[in-house]
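Labels run A, B and C following the written order; every chain starts at residue 1.
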Amino acid sequence: MFNIRQIPLAAWIGLLLTGLAVICALFAQWIAPHGNGEIVGDVWAPMSSAHWLGTDNLGRDLLSRMIYGARITIFIAGMATALSFSLGAILGFTAAVVGGLVDTLMSGVVDLLMAIPTLIFGLVILAVLPANNVTLILVMGILSSTRVYRLSRAVAADINAMDFVEAAKLRGEGLSWIIFREILPNAMSLLVAELGLRFIFSVLFLSALSYLGLGVQPPDADWGGMVMENKDGIVFGIPAALIPAAAIAGLGISVNLVVDWVLTRTTSFKGGRD
Amino acid sequence: MKGAFRGSPVLKLVAQRIALGIFLLFAVSVLIFAGTQILPGDVAQSILGQSATPEAVANLRQELGLNDPAYMRYFQWVGGVLTGDLGKALTTRQEITVTLMPRLWNTLFLAFWAAAVSIPLSIILGLIAVRFRNGPVDKAISGFALASTSLPEFFIGYLLILFLAVKLQWFPSISTVYDGMPFLEKLKAIVLPVIALVIVVLAHMMRMTRAAILNVMQSAYIETAELKGLSALDIICKHAFPNAIAPIVNVVMLNMAYLVVGVVVIEVIFVYPGMGQYLVDHVVKRDVPVVQAVGLIFAAVYIGLNIVADVAAILANPRLRHPK
Amino acid sequence: MANGHAKPRHESDVLLEIRNLKVEATVYSPNEKPRDVTIVDGVSLALKRGKVLGLIGESGAGKSTIGLSAMGYGRGGVRITGGEVLLNGRDILQGGVKGLRKVRGSEVCYVAQSAAAAFNPAHRLMDQVVEAALLHGLGTRAEAEKRAIALFKKLRLPDAQKIGSRYPHQVSGGQLQRVMTAMALCSEPDLIVFDEPTTALDVTTQIDVLAAIKDAIRDTSVAALYITHDLAVVAQVSDEIMVLQDGKMVEHGETRQVIEAPRMDYTKALVSVRSIDHEEKNPAQEPLLSVRNITAAYGGDAVKVLQHVSVDIHPGQTLAVVGESGSGKSTLARVITGLLPPIAGSITFANRMLAPRLADRSRDDLRELQMIYQMADVAMNPRQTVGTIIGRPLEFYFGMRGKERDARVGELLDEIEMGKGFVHRYPAELSGGQKQRVCIARALAAKPKLIICDEVTSALDPLVADGILKLLLRLQKFEDVAYLFITHDLATVKAIADSIAVMYRGEVVRYGSKTQVLRPPFDAYTDLLLSSVPEMEVGWLESAIKGRRMESAGN
């Protein structure tokens, strides 16, 4: 379908870094030189050959914690993305193709949910719910699914109005052919791009919550939580908190680069010159 | 007939939009209230802890009105909100309104300066990007925009603190403000959070401004103006601006809504005594009345800015202002 | 600058001279390095004062580009890279940006294809009409407005005194096109570039606008470049015609010569387009499809778009449904296909009663009634190959699989004169005509008895459209399929129809065999419609306007 050589450099970098993070997440216990909670040295020791990234606020190896942090960050953000995506896309497609009362009702609920800023609503709910990973995944996934719903509904409604879908309906094709063979292939790239953006959003959302002390609870820590643990060092000029923060930014940018590439590929396929 | 209704479609649309906003606000208040009722177990018990005597728990339940049905409590709460009474904090037993007002002002002060810097800056940068479209400046701007959507606020915040506050010592690392603080000192205290907030919204606002202006500049009527021999400045002022103003106001308002939310994390980073900090503190303490109140205020501001954005779009549409 | 009242006038007879014009553009295609393409190559022309030169060609011929080069303008990144454009004796390409700005809107003005988009929605019409005149210091505001009102009258705009105070969206398309002409004339330029000014209009509106433009050109003795793809239109307004193809000149001559005695093959093809000779067939005993008393509406019963429509289609024959936008002709197609169940009336197809709703129809009903759309690009799934697109009806209706299906797809591709090489192509890799051919093959694959063709040629260039019509006629002969042919173009109707239904505001106003319908006496609307179709004949416009009995419909 497409040539490996045609992947631009930016997309390569994105794919490479995203891949690296995923590998760290999958094989944390084999890659990490030390245990997650193991105290190995002084508090906030500088970078050295023994501890490449130095140590954290309790004297744990920062590199090892980063690698384990990748696992928690990517796991929770990934689960939340998967939830938001299956929920949002299925309901959005249904609303667009079925239409009528179902559509009006679901869209009304989504509009209402979107009237409250996601972070604020998340905080309000987390004020009463028990702090654990399941809660986090549910809250993030459901809140984030509203945006997926909007997008998939709009995309599906657009495609549903095209002549080739009408042609399929006139041929007598069933609902499943129309959704899976006519609409979905044309919505795929946009949905894949949205998947990437939702993942970035979930990573940022999770990091913000953990940073505020409402996300992943100690002794486990995702990257956002590690920023919180080490933030007091900043005023002494110790940059330990910046390392997990930079990792979040790096992961976000890499996924963004891939998304950007997916999106340009879509437009180039359909568009061409008129 | 025609004369009698002239101009009315706009008023009607604006009224509709505002009515919808108010309805939405009420619906949101229900949602926020309901959201805080899904607590598994007993609020009074969880406040007092497991070791509390049954009598103490019963007393607290009485005091909090927890024996009333949920809808009664909702109406009491909303009634209070409408008369300016946000209730009492569970943890401190203080009137929320009293504690909250100075913090609300602090937040608005911060948001105002962030808006005052970011709005003109993003519009100017957006214009530059359009002027040098596809050139290196434009590419740099969109690259920055791409990156900044993935930057967490605390990354920007701590970078600023590490370099500008700790290493260079230009600004304080903690943004303390208090009543009666001299204006200039107050400004100096918020420089870093303002910069951080500006970076958070700038890229997005700039990108959207660029798209809005480009959309107008690519219209056929701009070509008509060019073919009349108008200068670039005249084209922008007379032909592009009147049509671009609505989308730009729209973009600005949407980003202001975004900025208001961004305030929460920024305030925590710089230990700034505003609403965001207040909200986060009380979420940790599970102080439900405070969380409800602050959540509602944030949602109200957010909805309000969205209404302004929509109303601006309606008002600027000549098709609606001058019906057939 | 404001006092530059007097425009440079030269004694010379020649107003505009373009020498060896070369125009290039940079194409940015994905995954490829940007490359330069030549849009116009080595075109030269000379235009005398007060004369009209028609520039004609199909899409991609570079005619608009040449027209705009007379204003030193390149649209969308197009660059004039060679040659000279002499206006009133000066090379305007050498005058820099300031020089160009002085020329535009004072010496040369422009009339765009879509006036609706070319007017700024935020300003009143009058402000826009006088803007260029005021900018170039051609009189005071009062003088310019007086001139504008006089022009509105000359262009036969209703309420000439007040129409200027309206906003663009408050005025109809045909009127807006005339306001745009007034805007061009308001600065009393030496030259006007008309860029397809009537193409977007309905045929009965087009003739009015055309006549108004022609009168205005004559009375103001302005010179004009008239750009269009329609040779019959350009024959009415221009003194000379230049035929262009792929950015190069094919033929240039006096109008009568080009129309009546074209020298080049390409011009001959353009002139003889739509001259397909089609022998009318006699109706059969039993109609294949019989539409009885159909009344239909959108949005509940609020707006009736079809009222008591009754037509018959005979096996292997073509019924053409003609009408302008809003006549209900496409709605009729939607009713027949079952997409829009009617409020009243019935449809019989091959001696069976058709269910009103698509969902209630049998698979054979669906198979035997196929449809081809106007926009072939959106009628095919961009993610499916030609093979899948044509093969699906074979699988779906006949259960064909594997080699059997592929062989049949190959046969169908041969039938539409494309060949097996296209099986693995995607729609985006086909030309406009090829796309429409694939759509035809997809319809044929179902072995239908009737194909509904909804404006299937109107998005295509004349020669390509001609090819499609010929193909449809040929297929009709050996597949014995009937067509319901929806179109606004009477020339197409004459080329292919056996019977005709003329629709106007949701009703069939005239119906019968082709000879019956096209034979006088006519009803008022059919007369208007027939007399509005430009004939490829010098002097047709004047006689047509004289002979009309009814005001144009869509105006």
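In this section, a contact is a pair of C-beta atoms (placed from the backbone, for glycine too) under 8 Å apart; a residue touches a chain by one contact, two chains touch by 3 or more.
Bear in mind that the values here come from a model prediction, so they are computed numbers and not experimental data.
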Pair exhibiting more inter-chain C-beta contacts, B-C or A-B: A-B
Chain whose average C-alpha position is farthest from chain A's own: C
Intercentroid distance (Cα basis), chain C paired with chain B, Å: 50
Rounded Å distance between chain A and chain B, as computed from the means of their C-alpha atoms: 23
Residues of chain C touching chain B in the complex: 71, 73, 75, 100-106, 109-110, 112, 114, 117-123, 128, 131-132, 135-136, 166-167, 169-170
Touching residues on chain B, where the partner in the complex is chain A: 24, 27-28, 31-32, 35-40, 146-147, 149-155, 158-159, 161-162, 165-167, 173, 257, 260-261, 264-265, 268-269, 279-280, 282-284, 286-288, 291-292, 295, 298-299, 302-303, 306
Interfacial residue positions of chain B with respect to chain C in the complex: 219-221, 223-231, 234, 239, 242-243, 318-319, 322, 324
Partner chain C, residues of chain A touching it in the complex: 3, 6, 162-164, 166-167, 169-173, 181-182, 185-186, 264-265, 267-270, 272-273
Of chain C, residues touching chain A in the complex: 27, 29-31, 337-339, 358, 361, 363, 366-367, 370-371, 373, 375, 378-384, 392-393, 396, 428, 442, 446
